[in-house]
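Right after this note come the structures.
Paired with chain B in one complex and with chain C in the other, chain A is shared by the two complexes that follow.
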Partner chain A sequence: MEIDVLELSDRSAKFILSNTTAAFANGLRRAMLADVPTLAIDDVNVYNNTSVLYDEQLALRLGLIPLVTSFDDFVPQDECTCEDGCPACVISLTLSVEATADEGRMVYSGDIVSSDPKVQPAEMNIPIIELKVNQKVVLEGVAHMGYGRDHAKWQAGVACGYKNLPIITIDGCDRCGACVNVCPRNILCLGDKFVEVSDESRLNCSLCGLCQDACEIDAISVTENESSFIFTMESDGSYTVNELIINAVNTIKRKASSMGDILSTL
Partner chain B sequence: MDYKCTRCKRTVEIDYQFTGIRCPYCGHRILVKERPTSIKTIKAE
Partner chain C sequence: MFPVRCFTCGKVIASSWEAYKQRIADGEDKAAVLDDLGITRYCCRRIFLAHVELVDIMAPYQ
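== the complex of A and B ==
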């Protein structure tokens, strides 16, 4: 298997995964979505809420705020050795905001105060609720590690997807330009002798096949490489993309290893 | 169950049998249920 990184930042990545199967690519995608544990607010103790929003709706919004997570410092509550919650599986976050008598204010994720300085909201400007004059919200959120397969609030990977690498073959082109005109992504251009496509723009091909249909002499063909995939993924901010991929791959390795152990006992 | 009159702000107890939904002090008919002082624990889901 080969990986060719096209774009990489803390929050998003694009890479080509070659010499592998669609099953493995899909396994990696699913592991990033569902099998990498992250922190999210799970229980909310509401002390006071005079805002217009129901406590339950407020709790849901708090749960969906991504929290920066250190994979090595926390464990999911089900897998922790303690019984009643310990610093390794339970994090307390408080939110205490009151609007003044003169004007209301918006409550943002940055107003949340964490008991652990390493655990902070991934974004500080996520709006939670707008308070009118004299309204206040006082609550404590209890965050646990969890898996994306149980609830979307624990889903670290977002917008994870892949497509097969397109193969565009041009042979015997008469330079009529019909395919150039119909391509919705403008990846084809008229060269000196025939239609051309650059390596970079080839990756943007959506495999729609409109160019094939437009060509009257069948000079262009668009097929897909069955063993190469263009992978696009984003992180919600709880991990960097690097950490997310490594954790997802480790999860697959762990599952494969336990599967091997089970099979060896049969 | 105690309610609060939105006009006179006094805590009132509703007597369904004789007065119905009405403040016994000012006669106002809009009463709101006060939030209990206990801590409410809910799941974020």
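== the complex of A and C ==
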């Protein structure tokens, strides 16, 4: 298996995964979406809420705010060694904001005060609730580690997906230009003798097949390379994409080895 | 209130809402603003285009 990185930043990545199977690419995708635990507020004690939102709606909004997570420092509560809550599995965050008598105020994720300096909202400017004059919210949110398969608030990977690498072959082209006009992604261009595609724009091909249909002499064909995938992914901010990929691969490894252990005892 | 995350893909979009609202009010083109804010998928874009703010309507009945 080979990996060819096209784009990489803290929050998003695009790479080509080659010489592998669709099953592996999909396993990686699913691990990023569902099997990498993250922190999210999932218990809320509301002491005062006079805002326009019900407590439940407020709690949902709080839960969906991504919290920066360190994979090594925290564990899901039911996998923790403690009896009923310790700093490694339960983190308390408080939110206490009151609008004055003359002016309303927007409450942002940055107003959340965390008991652990390592745990902070990944973005500080997420509006939580707009308070009108004299309204206030006072609450405590309890964050736990959890898995994306249980609720979207624990989903660290966003829009992870892949497509097969397109292969465009041109043979016997008479330069009529019909395919160039019909391509919705504008990736074909007329060269001196026949139609050309640059390596870079080829990755943009959506495999729609319109160019094949437009060509009356069947000079162009678009097929997929079934062992190579263009993979795109983003992180919600709780991990960098680097950490997310590494953690996803480690979960796959762990699952595979426990599967091996089970099989060897049969 | 504007959804914290996109219903479909899960991207955190609420952090771009106020910038979007401000720039639309200044007369900029919606599509260009969304591109500029990095909201590239149509699942996220439709939430910006279709959002109706209800806080001011509900506030008098608290």
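Here are some notes:
One rule holds in what follows: the second predicted complex is superposed on the first by the 266 of 266 C-alpha atoms of A that agree within 3 Å, B and C clash if a C-alpha of one lies under 4 Å from a C-alpha of the other, contacts with A are read in each partner's own complex, and residues count from 1 in each chain.
Here is the rule we use: a residue touches a chain if its C-beta (ideal position, glycine included) is under 8 Å from a C-beta of that chain, and two chains touch if they have at least 3 such contacts.
Being a predicted model, the structure only gives us computed values, none of them experimental.
In the overlay built on the shared chain, the residue A:S238 is in contact with neither chain B nor chain C.
Once chain A of one complex is fitted onto chain A of the other, the partner contacts of A:L53 are limited to chain C, with no touch recorded for chain B. Once chain A of one complex is fitted onto chain A of the other, the partner contacts of A:N247 are absent, as it touches neither chain B nor chain C.
Touched residues of chain A, counted separately for chain B and chain C, are more numerous for C.
Look at A:G141: by the touch rule set out above, it reaches chain B but stays clear of chain C. Contact with neither chain B nor chain C is seen for A:T38 once the two complexes are overlaid on the shared chain. By the touch criterion stated above, A:T69 is placed in contact with neither chain B nor chain C.
Common to the chain B and chain C contact sets on chain A are residues 50.
Here chain C touches chain A in the complex through residues 1-2, 4-5, 9-12, 14-15, 17-18, 41, 54-55, 58-59, 62, going by the rule given at the top. Interface residues of chain A, counted against chain B in their complex, comprise 40-50, 55-56, 59-60, 62-63, 141, 151, 153. Residues 50-53, 57, 61, 64-66, 109, 122-123, 125-130, 132, 135, 152, 155, 158-159, 234, 236-237 of chain A are the ones touching chain C in the complex.
Against chain A, the residues of chain B that register as touching in their complex are 35, 39-45.
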